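As structure tokens, here come the structures.
In the two complexes that follow, chain A is the common piece, with chain B as its partner first and chain C second.
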Partner chain A sequence: MTLFAALFSHYRRHPLQLLALALMIVLATTLWTGVHHLTDRARVSLAESERAVAGQQQLVRDDGQPVTVQDFANLRRAGLCVMPWLEVRRPPPAGRVIGVDPFAATCFGDQAPGQAGSDALNGEPFLDIGEAAQLSTNGGEGVLSLLVPQTVDPAQLPPGYQLRGFSLGPATGELGESFLLNLDALGVLVLLITALLVRSVYQLGLVQRRESFALLTRFGVPGGRVWGWLLAEMAALTALCVLPGLWLGRWLAALLGGGFGAALENLFDTPLYAVGAGGVAVPALVMGAVVLAACFADRRLLRYLPAARYVGTWPAALVGLVVGLLLVRFATVLGWLFAGIALVFVAVGVLTPRALAGMAQWRARAGEGLGKWRRRELAVVFRRLALPVVALQFAVAMVLAVQALVSTFENTFEVWLGQRLEAEFYVEVPAFVAVADGVHYLDGLAGLGDWHLVQRGRAQLESAGGTPALPQVDLFAISPVGPLVTGWTLLVAAPDAWSRLAAGEGVMVNEQLARRQGYEPGDTITFRLDGRARTLPVLGVYADYGRPAGEILTAGQVLPAAFQPRFVSFSINPGALAMDDVRQGLAAAWGTEALTARDNQSIQTLASGVFDQTFLLTRAITVLTLVLAGASLLIMGWVFFTTRVWYYRLLSVWGLTRREAANQLRWLAVALTGCVALVALPLGVWLTWVLVARINPLAFGWSLPMAVYPGFWLEMLGWCLLIGVVISLLMGRQLRGLTPAPAMANVAAGGER
Partner chain B sequence: MSRHLNAHCPVLLALCLMLAACSDTPEPAGFAGLGADVTEEAFAQPARGDDLRFPDDFGPHPDHRIEWWYLTANLTTDEGEPLGLQWTQFRQSLVARNPLTPAPPAHRWPLEAGWMAHAAVSFREQHWFAEKLARGGTGQAEARARPFEVWLDDWHLQATAPGHWRLRVRDQGWSYDLRIQVEGDPVAHGDRGFSAKTAGGEGSMYFSLVDLAIEGEVTIDGMTHAVAGRGWFDREWSSQFLKAGQQGWDWFALHLDSGDKLMAFRLREEDGGYLSGSWVTPERAVIPLAAGSFSLEVTGQRQTGAGTVPVQWRIRVPQQGVDVTITAPPGQYWNDGLFPYWESPVSVRGSHRGDGYMELTGY
Partner chain C sequence: MTEPVVQVTGLSKRFATGADAVTVLAELSFALPAGASLALTGRSGSGKSTLLNLLCGLEAPEAGRLQVFGEAFAAGDDGVAGDASARWARLRRRAIGVVFQDANLMPALTLLENVRLRATLAGQPTAPAADWLARLGLAELANRYPDQVSGGQRQRAALAMVFAMNPGLILADEPTGSLDHHTADDVADSLFSLQQHSGCGLILATHDPALAARCQYRLDLGHDRPELAATSALPSAAAPP
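Entry: the complex of A and B
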């Protein structure tokens, strides 16, 4: 028998252990590859969005109609440097592509959109506009824009066209990157949990193989050679398992790509572009390194030391915990925040098994007989299964926190949406009609309920010195400011905020803008509208969930007469009238038949759909991680308890019936997983607070109220107890088997009595 | 004729690469794609015996791989200073299409062909050059036979009345607007319009309008000059007529004071190259010039920033009693586009006097 065959024979005797290792590596690779692929793709998309349209402007038609290829030809023949930009949105997971015409782009020189060197406009998401047009006719949704260089003189524009800024979304600062950093952190947590689980299973196996190693040593095989073969064995296993994991990860990314793309678009107005498939080298190398490091980071293993010793000491862990908590509380940069979270997790990971074991040992001092034995055995189990226990604790805490975040957001969002959608109907004002005709008609309508006019546009923020270095923001003008808006809950407000807003004596800003620019009630804000600068006090800050742009809310009378809104609509409560009559009356006043009236419910449904898409990925990752951790603990628990079967059979020697012995084991297993759930709870609640109060404002621009969901805690506790019950049932089967040979007694996994 | 073809072969190569880069269409094989097997891609190939058809042949030939419209002018300002002008527009097909088949609709942004235009002004020993590119099929660039019109962006050659054209070109810092009176009928080169480019018989369809009376305005650096003079217009199209080993191109189109016109070119090769030309009498009778009936000899070189260029030539056509020296004016006349080539006005001295244009590639 060769050395390798002798070593590998362990897995012939314990195929389940091999299966557990393989399963963990495959699942973890799948998860991490999926997350990595999506975030990588999103980063490219963010970069493309910023790079591609930085400082560009476009030509639009005066009549509001979309531009066409005929407009392009007319403008080029008029001597203007114009290039077409056809964005085609394809159904998931294909992603968005941009059709460009390299010939037309030559007149831009180095200023061409997307220019970043010699490979400008080359490769995904860019493709020839002819191909993009073909995609748009095959089910994609294409939007054509005509870009012009910054140097174009507005006075030289042909009649019928005007200049507009060109961007793929509002200025969102670093929010997009923060969002991805969030996902990265989630991915790192997945890696950490994987490493803990793999290490624990592997260490368990090494303990079982101690006798084999000792035998080999007696035959004269050097320890280094054994170590080398073990390394090769694990490297081969990792390589074999990483490959299907990579493939499954890609599949997962494709599956979640649609929801993820929608989330990016909803949160940051950044589409997920079609980009190259991305390399597999990084995920493969990272997984390989994690698995090998987890297994071989501590070479003392080869000296056949008993399994899992906890890294570090509890005083160091306590210091780490305090430092981590302080960092999380006071960090203003997401990177430091994550560092603090990592410290807290490491400290908790070190302290939890020690604390649980100590508690069980302490409780064992009281009581007598079986009770004392159970608690002491529980203390042994906590020490022996320290790593999977911590892994499950982390996974449960993560699930608790993410669930709380999503539920909190869902509830807050619903309340907020309810306030925002106070009116029953929303009528979009068509292009080419006089808004005043509609206002006049509604003013004279007896029996009509509350209504107001909404005008949306853009405003340029200015600093006090008049330097236009600040970003553009959305403008949201309402007239009259009435009961449909004054019920909004403001985050902070000056006295008489609504009445002063109605009088045009100030503005309100959304939370995103307030956080970004540091506005508070009482501050003044200067913004430019159609060439005129205005300085008004900030009267309040309102919540504005689910979108990235900064926004100013003002009364309609503040707008200059020449203000050109981008979107105009009426919010209407029909009161005693039938909405259909009101709609027909408005259509008649404007002399048009094409009038869109949307009811409250349809907008609610739309918003809920957006919400679900936004958190699809987050939910998927957490649930899959929990499945990974739960399955691993199940396998680990089973393997571990199997190694102690000989010991549990002694219960029969002590006079317990088989049923009574099985009950003892059930108690042990359920106590183990139940305790894990209990210690995960404070960590989960703390993590919830971190997500809503610390990470969310940094990553998304808005905060959420802190809320806890005890119902879900019970649900998680139930799942953990179920895992314990399943372990005990499996153990029951083991106990019914044949009595092992006495020689096995000193092979004794764990070695503790 | 063939001059441009060779002259612009590098440019066409760039065009082909660009087109290939943005489509799945395979890059044409051979030198600038002109050596490709036309039968594979269904392009029509000119052959001896083909006829010219007017006015249709002023328009595009979508079943051929490449064609161009070319105009040069030797003008004089009001102050009596010489001024040279060039305008060329190329069409390079990626997909052959029967002329009777409707073009794909513009909203599909088709990529059947790429277009390229060059324009240059030579004045007071200085040279201004500009280049434009466009895809065909969108209306940004096109050519029509009836009424005659060729454009790319706002560079526009169009018939304004029978026998009258207008050419407008504008670039940063300079522009021209010319009114052109077309005198005489088109002159067919080679064998009734088929102009051989190799001894093997590859060639192109090629005709010229050699009597263009031109007047107009040229604006350079904000100063507008009234100009008048004479010009030369070429039309040429083909799908394959070059062969490997041809290094470059020397081409001349000369207006002689006797009223005669001379077109001569040489495709340079290791063993001397392929010579051909046309002698056009004042009555517009065309006498094809074969290799043995005239000679081209370099008599003077000029060091330029982009290499040594033969700027002085001796041309002899014994049967016509011609022994003249062709000289480019002082200065550098590189058309510095995607691939540079030399395009300069020339003066003619010797047995005859006159002026004209010279195009040199591969130097």
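Entry: the complex of A and C
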């Protein structure tokens, strides 16, 4: 028999252990590959979408009339690269489609809008322009635009036309990056948890093999050779298990990616989710390295019970915890913040088993009889199952944090969106019409509800000395300032903020700008509009989610007469009137036909739906992680219990019935998982705070209110207790039948204390 | 004649090993008077440990009847009466002390806590636990954990546990089997001394002829038809029942 055969003979005797280890590697690979693949594809997709929607420009007529097919023909004949873009809005649920002409787009090269330059993107909602035109004549509302490449110079244009910016929708980058950052963080956490799980399963297997290692050492086999063969054994097992894990991970990603893709499509009106294959080398190498590093990080495994030894590093862990907490609290750059989070997690991982074991020991002092024994046994379990306990704690904390983040975001976003879309409709003011005509028309309209004019543009911030060293910000001007905005929730505000804003006595700033420049109510802000500087007090700070840009909110009367807005619209509640009548009235006032009134309610519903789907994905991943951690604890408990079953048998020898002995086991398992849930709670709440109050402001400039959800805490506690019950039921099977006295000398001597 | 503390009639036990079945005990019958000591001897695999397990209800016989402290048990009781395991548990808790070759102590408890736990389960006062340890020479080690003392000290602590429960019968499965000669003698001295002092019955399985000779009776399970035999340790007035 070779040395390898002698070592591997352990698994011949305990095939379930080998199966558990293999299963853990497969599941860990599946989970991490799934997250990684999803993030990878999402990153590729968002990059494609950036290219698809960003930086296009269009041609418009000097006379303000909508462009027509005849314009397209004239421009093509003039030798200009022009692509027709027919946007057709159909009644829900059909939604918006866009007709493009692939032949006309050839002069755009691979920068053609709507093509996204990738075969991986399917054709929806882009159609051939002929089909879109057909839809337009069948009840859809069509608007034609003529797009030209970025390289076209205004001097090249034929007379009667001019260039204007064109956007297919909101830029994906900012929101997408936020989402990717979440997924990346989730992926790192998942990798950490899976590494812990694999390590813990492997370690417990080694516990039972230590006697064999000792025997081989006595036979004169060098420790290095044993180590080498163990490494080879694990490398072979990893190679075998990582491959099915990769396949399953991709399957998982494809399963979840459908919902994600749908979410992105709804959000950006373009098919953004790339379903390409991506590479397998990186995930395979990462998982292989993680598994081997997790199992062979140190050679003490051969000689000691690692879990019992690691807790000896608690003073360093305590220092690490304090430093990590301080870093997270005071870091001003994301890198340090993440370093702080990592430090806190490592420290918590080291300290938790020790703290729980200490607590159980302390509680045992007061007890007597079986109660004392149970608590002492619980302390042993906390020490011996340190890694899976910590993994479950991290998983539960992650679920708690993600749930709180998602719920907070959903609630906040819903309220915020409701405030922002307070009016039932908004009407985009066409170029080349007199805004004042619209204002005059609405002013004189009896029975009309609340309305205001929105003018958006850019403003240059200036420092007090007038040096323009500060950045440009968005300008958001409203007139009149009325009930459509005065219901906004302000994060901080000066007294009578809204009435002073309406009177033009100050401005409000969004949270991003307030954080970046340190503005508070009472401060003054100087900004330049069309060459004219204004200095006004800051009256309040309002929440503005989903983008990092700073913004100033002013009353329209603050704007200089020569101000050139980039975008003008009316927000309108039609009140007693029909919106269609109001729209037609406005169109008549401006002498135009191309006027669209958009239904804010449907936008709000769509946006909410998008976030529901997006967060469904995040939730699914966290729940899968929890399931994996629970399964790991189950496997670990099973393996560990094989070394403890004799003591439960001893209870039977001492006169406890099988049911009574099983009840002790049940108490132990439920106490174990219940305690894990309890210690996961503060970590989860802290992680929630870090996500909403530290990462978001640093990464994106806006924070979310910190909310807690005790109902969900109870739900998680329930799940953890259920995991404990399942563990005890499965372990209880080992109590049946006759148990031989422990064969291992260290167990017989009570060394597993 | 004292009423027997253990009465065994036609007891049989077989173990299935794959397709085969090995008969370990076949129609064994004997009775042990209260307060007497019995050595079970025989080669390995002759059924000594199995008989001890049967005598405390940790295993069930294929055939035969058992009577322990007047409680009657028969093969298949659990299937018919359903309460046999509970009755056995009650007996083990209150009246039967079991000592194995090793691993008799809970590793997470100190020696003293182990003794107190066993006394508590038996419904006995816990206060004398320290005394029992002291009588066995373990007073200084009472607050140590099992892995912090020697094998012989652990076995003596196991004896302290058994005596702290004030048993009517002690079942000992090679209690000195893992100890050196000198320590084994110490543990055996303690066992017999306390057994005689308390007046409880003792059945021990052993390969050690000297230890077996210290018992009043001997049952050699290596024989085809084992029978209870008196040893020289038995006072001449007491004949095998």
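By our rule, the second predicted complex is superposed on the first by the 402 of 753 C-alpha atoms of A that agree within 3 Å, B and C clash if a C-alpha of one lies under 4 Å from a C-alpha of the other, contacts with A are read in each partner's own complex, and residues count from 1 in each chain.
The definition used in the following text is that contacts are C-beta pairs under 8 Å (C-beta built on N, C-alpha and C of every residue); 3 or more make two chains touch, one makes a residue touch a chain.
Worth saying up front: this structure is predicted, and the values here are computed from it rather than measured.
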item: Which of chain B and chain C A:W646 touches, first, second, both or neither; value: second
item: Which of chain B and chain C A:T106 touches, first, second, both or neither; value: first
item: Partner chain(s) touched by A:E131 [first = chain B, second = chain C, both, neither]; value: first
item: Chain B versus chain C as contact partner of A:G79, first or second or both or neither; value: first
item: Partner chain(s) touched by A:G655 [first = chain B, second = chain C, both, neither]; value: second
item: Touching partner for A:Q70 - first (chain B), second (chain C), both, neither; value: first
item: Common ground on chain A, meaning residues reached by chain C in one complex and by chain B in the other; value: none
item: Chain A residues within the chain C interface of the complex; value: 368-370, 372-373, 376-377, 379-380, 646-647, 650, 652-658, 660, 738, 741-742, 746-753
item: Contact footprint of chain B on chain A as seen in their complex; value: 68-70, 72-74, 76-79, 84, 86, 99, 101-104, 106-107, 122, 127-134, 137
item: Complex contact set, residues of chain C against chain A; value: 53, 56, 58-59, 85-86, 89-94, 98, 100-109, 113, 116-118, 120-122, 126, 145-147, 151, 154, 178
item: Chain B to chain A touching residues, read off their complex; value: 18, 21-24, 106-111, 114-115, 132-135, 138-140, 151, 153-154, 156, 170
